[in-house]
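Have a look at the structure that comes next, please.
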C-alpha cells in the first residue's frame, strides 16, 4: 500500500487551521481520501516547470481602481440583520480571552 | 394553452409577449403549473416566488398594453442558481450554513435581469457552494434528471439545468468553475454557456474558485443563450476582475449569431477521445461530420498538458475555496452552533455541523495546499501548470477558430454511482476543467442520445472574448440538426 | 561582577491609518462614527459574493510615503490574502501585501538630541486593510464593531537599526511629523492612527564573547511615552533574564509581550505552540498594480521638503535655534507660512517670534492653523520689517498682528490708525530728552545720586518723554539717549 501522503496528525493540524471540529471518524476518513487525491496530483511533477511563470490571473488587465468617493453604507440594522447573536448594536461572541489566532 | 406556451423558446416567448400575443402572467402561471405538478419529484427548486412573479408579470403586461418601453427579457420567467445573492427570498448555496441567509443586496446579474424586466420565479438547487458534478452534494435537497429520475442532472448547476429541461422556466442562470454549467447542460439535453472569465460580473456570486468562477446561461438553444448573454455581460465597477469594454467590446450577440462563420476551421484532439464512452465518441464524430458538410476544415491537434488539468484545478480551486469559505464562521451571519464553550468553538463547531463532507474535504485540501512547507510543491506548482495549459489553448487557436470535444465522458450517471469515491467524481470533469483554468469561453450543445435516450453534449471552445464565434459555430449546428429541440417526457 | 556590556537592538513596525475619505476596498466613509456597525457594507462585512475594489487615493498615498522615505517603488505590486480567524476580521483573512510590497529599501532620518541625525533603514512599506474592533468590557461575552474594518493602513517596517528607547521615540515622533507633512495621515495617537510594535533584543558582550538575547515583540502601545518606556523596560528585563538563565536567540524563540500601561511592565502573552501559518497567496479578486514612470512622476510632484530637512535649513540658513525650528516645523502649513514670510523679506528671528509667541497661540484658541488666520506671508513680512526698523515696538506688533486677522489693511496702515508708530529718529528725540532733562533738575539729581530714588526718577523722566511724544517714542532709543546724556553729566 505504501506510506500515506497525509497522516492522521497532519489531518488534525489542517483541521485546526481550517477551524473544523472533525470527529475522529472524519479525520480517519479524510486521511484516506486526501491521501488518494494528493497521490493523484503528484502527476504534476511529471512536468518540468522550472522556467514557467505561475499564472494566478487569466486577465489582461491591471490597475483596476475606484475613486475615493463615499458610497452609502448598509446601516447598523441591515448589517446586523443576519447576525446569529447580537448585543444591541454589536455582534456578540463568547468572551475572547487571548490573542488573534488564539490556538 | 399552457402546454403551447411552454414549448416556446426564451426568445420566442420574449417576442410574443412584446407583441402582446402572449401574456407574461400566462407564461408565469404555466411554469408554476409545471412546477406544482412535477418539482416534488424533480427537486429543481430551493425556493419559488409565485406571488411576486405574478405581480411582476402583471406589471409587464400592463406596460406593454400601454405601449411603454420594456426590457430585453420583459415578462420571461427565469430562474437563478441559489449561489447568486438576491434581496428577495434566501440565498442558501444549498448549505445548512446559509439556510436562512437573506442578502441585503442583489448580485449585479440579478440587477441586470430585473432591469431587463425578467420575471425571476425561483432559485435552484446546486451542489453545496457549487462544489460537485452531480448536485448530490446539496445540503438541502435532491435533484434528479428529468430524462431519467434515477440519474443525476449533473452539477453543480443541476437545479438550473433540470428546471430548463423540464420546462419549469424558459432560461436559467448557472455558474461554472470547472464545468458546472456545461456538464449539467449536457446531461439534461440543453445548451449551457460559460463566458470568458471576466465577461460577466461576479459581484454577488458566492465565491468558490475566484479565478475560475463565471456566471452563464442555460437554455433550450443557442439563440436563447445569446439573448441572455446580451443582458448579463459587461464591465462592473464593483468587480475588479470584470473586463472593461475597451479590452472586451460588447456586441449584440443575438444579431451576430445569425452569421455563420466562413472558412471555419475546427480543431479536434484525438488523444482525448479514448477517455469517453463509445456512444459519446460516436455522437461527437457525427457532429464533426455535420460541420464537414457545411464546409468546415477539421484540424487534428495535440494539447499535451490537458491531462494535468484536473490535478492543477483541484489544488487551485480548493486553495481559493478554503480562503473564500473561511468567512462562514457563525459570527456575523449564517448558522451558529447551539452551545459553544468559547469563541473558537463558534468557528469549529458551526462549520463542522453545517458544512457538508465534500465542502469540508475541499477546504481541507486547499488549506493543506497553501500551508507552510507545501505551498511551493502544490499551489505554486499548479499555477505554473495552469500557464502551460493556457499555452496549449493559445497554440490551438492559432490553428483553428474553435475546438470541439465531448462535454463529458459519459451521459448522466446513476444517483449514488460516484459518491463513494471523491476522486472518481473529480475525474469525470476531464473535458471541462481545462477551459476554466485558461479562462476561455465554451458552450455545450446537445448532439445526440445514447441507447437509453440520455442526452449527449458536445463542447465547443473558443478564444478569450470570442463568444461571438462560439455562438455562431453552435448556431450552425443547431440549424442543421434537431437534438436541441427534444424534451424529456415528464411523468 | 564580570565585565559586561550590551547594546539594545530595536526594529520597529508601524501601522499608519491613511486619511482617505473611504475605506481601502469599499466606499464606506471613514468619518468617526458614533453608532457601532453603521459604516459597514457587504464588502467590508465580508458578505457572500462581495468583492473588493482598490481605493486609488490610498495607493497614491502609500506610494508618496514610500517615496518620501527614499524607498525603491515596485514597478509591479499585488495583493495577498493573510489568513487567520478572529471575530473582528469578517472574511477571516486580511487583504495585505506579502512578497511585492509597494516600497522597499528606504530610510528615515531622525533628529537626535545633540543636533546630530541618524539614518534608520526602512525594510518595506506596504498597504493593507485594518480589522474591526473587539470589545471586552462585558463579563461573559465580547462585542464586535466593524466600523473600522477595511480602513487603509500603511505598514512600515524598519531594520533593527535603532539602539535606545529614546531613539525609538524620536523615530516615532519624526514619522508622525513626516506623514502629517505629506498629508497622508492625521496621525493622531489618541485616535489610534499610529500603532507601534517594537522588536527588541540585546547584543551582550561578556568575557570577550558575544551573545544575543531572544527577540521580543511588544504589543498594546498607545502613546510615544509607552513606546519609550516599554523598550527601556524590556531591555532591562532581557538583561536580567540573560544574566540569570543565559538563554540566547534561536530560530523560533521569538516571544510576544503586551505592555501594561498601568503597572508599566511587559507581560508575556499566552505562549503559542506554533507560529501563525498565514498561508499567504495572491488574492484572486484583485488585479496587480503597475506603477509606471509617468504615474510615479505625477505622484512625486506632491512630495514636499521633509520636516527634518526644513528644520535643519531654518537653523543653518536663518540662524534660528533648534528648538524654535522644531516648533515651526511641527506642522507643514506653519513651516511653509514662516518660510514664505522670510522669503517675502521678513527678518527670520522676528517672524519666528511673531509666529511662535503670538500666531500659534491665537491659532490654537481659534482651532485653526496660523496660515489660516487670514494674514498673508507678505503682510507678515512687512510687520516684521517694521519692528526690525524700529517703526513699532515689539509689543505693538502683537496688537497689530491681532488686528490684521480681521482687517485687510497693511500693517503700516493699522499702526498708523492705532497710533502705534514709534518715533525712532535720534535727532528729534534728543531735543525732547533735552527739554525733559532741563525741566526736571530734581529728578536728574536723584538719578545721579545712585540711591534708591534713582530708578524711580529714571522711570519718571522716561515717562515724561513718552508723554511729550504721546507714547510714540521708541523706548530703547530714548533710554539710550537719556543714559548717555546723564552719564555725560550735562
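Chains: A, B and C, in written order; residue numbering restarts at 1 for each.
Note that a residue touches a chain if its C-beta (ideal position, glycine included) is under 8 Å from a C-beta of that chain, and two chains touch if they have at least 3 such contacts.
This one's a predicted model, so the numbers in the text were calculated from it and none came from an experiment.
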If you average the C-alpha positions per chain, which one ends up nearest the average over all of them?
-> A
So the chain most remote from chain B by C-alpha centre is C
Could you give the separation in Å between the centres of chain B and chain C, each centre being the mean of its C-alpha atoms?
-> 57
Centre distance in Å when chain A and chain B are each reduced to the mean of their C-alpha atoms | 24
Would you kindly tell me how far, in whole Å, the mean C-alpha position of chain C lies from that of chain A?
-> 41
Which residues does chain A have that touch at least 2 chains other than itself?
-> 17, 19, 56-57, 59, 61, 64, 66, 74, 91, 93-96, 102
Going through chain C residue by residue, note those that touch at least 2 other chains and give them in order.
-> 42, 45, 53-54, 85, 87, 92, 142, 144, 146, 277, 279, 284, 286-287
Mind pulling the residue numbers of chain B that touch at least two other chains?
-> 101, 104, 211, 237, 240-241, 326, 329, 331-333, 343, 347, 367, 371
Where on chain A is chain C touching in the complex?
-> 17, 19, 56-57, 59, 61-76, 79-80, 87-96, 98-102
Of all residues in chain A, those that touch chain B in their complex = 6, 10-11, 14-15, 17-22, 26, 30, 33-34, 36-38, 40-41, 43-47, 49, 52-61, 64, 66, 74, 78, 81-85, 91, 93-97, 102-103
In the complex, chain C touches chain A at residues 20-22, 26-29, 35-42, 45, 53-59, 84-87, 89, 92, 134-136, 138-146, 256, 269-270, 272, 276-277, 279, 282, 284, 286-290
In their shared complex, chain B is touched by residues of chain C numbered 42, 45-54, 81, 83, 85, 87, 90-93, 142, 144, 146, 277, 279, 281, 284-287
Going by the contact rule at the top, pick out the chain B residues touching chain A in the complex.
-> 100-102, 104, 197-198, 211, 237, 240-241, 243-244, 247, 305, 307-308, 310-312, 314-315, 322, 326, 329-336, 340-349, 351-352, 355, 360-361, 363-365, 367-368, 371, 378, 380-388, 390, 422-423, 426, 438-439, 464
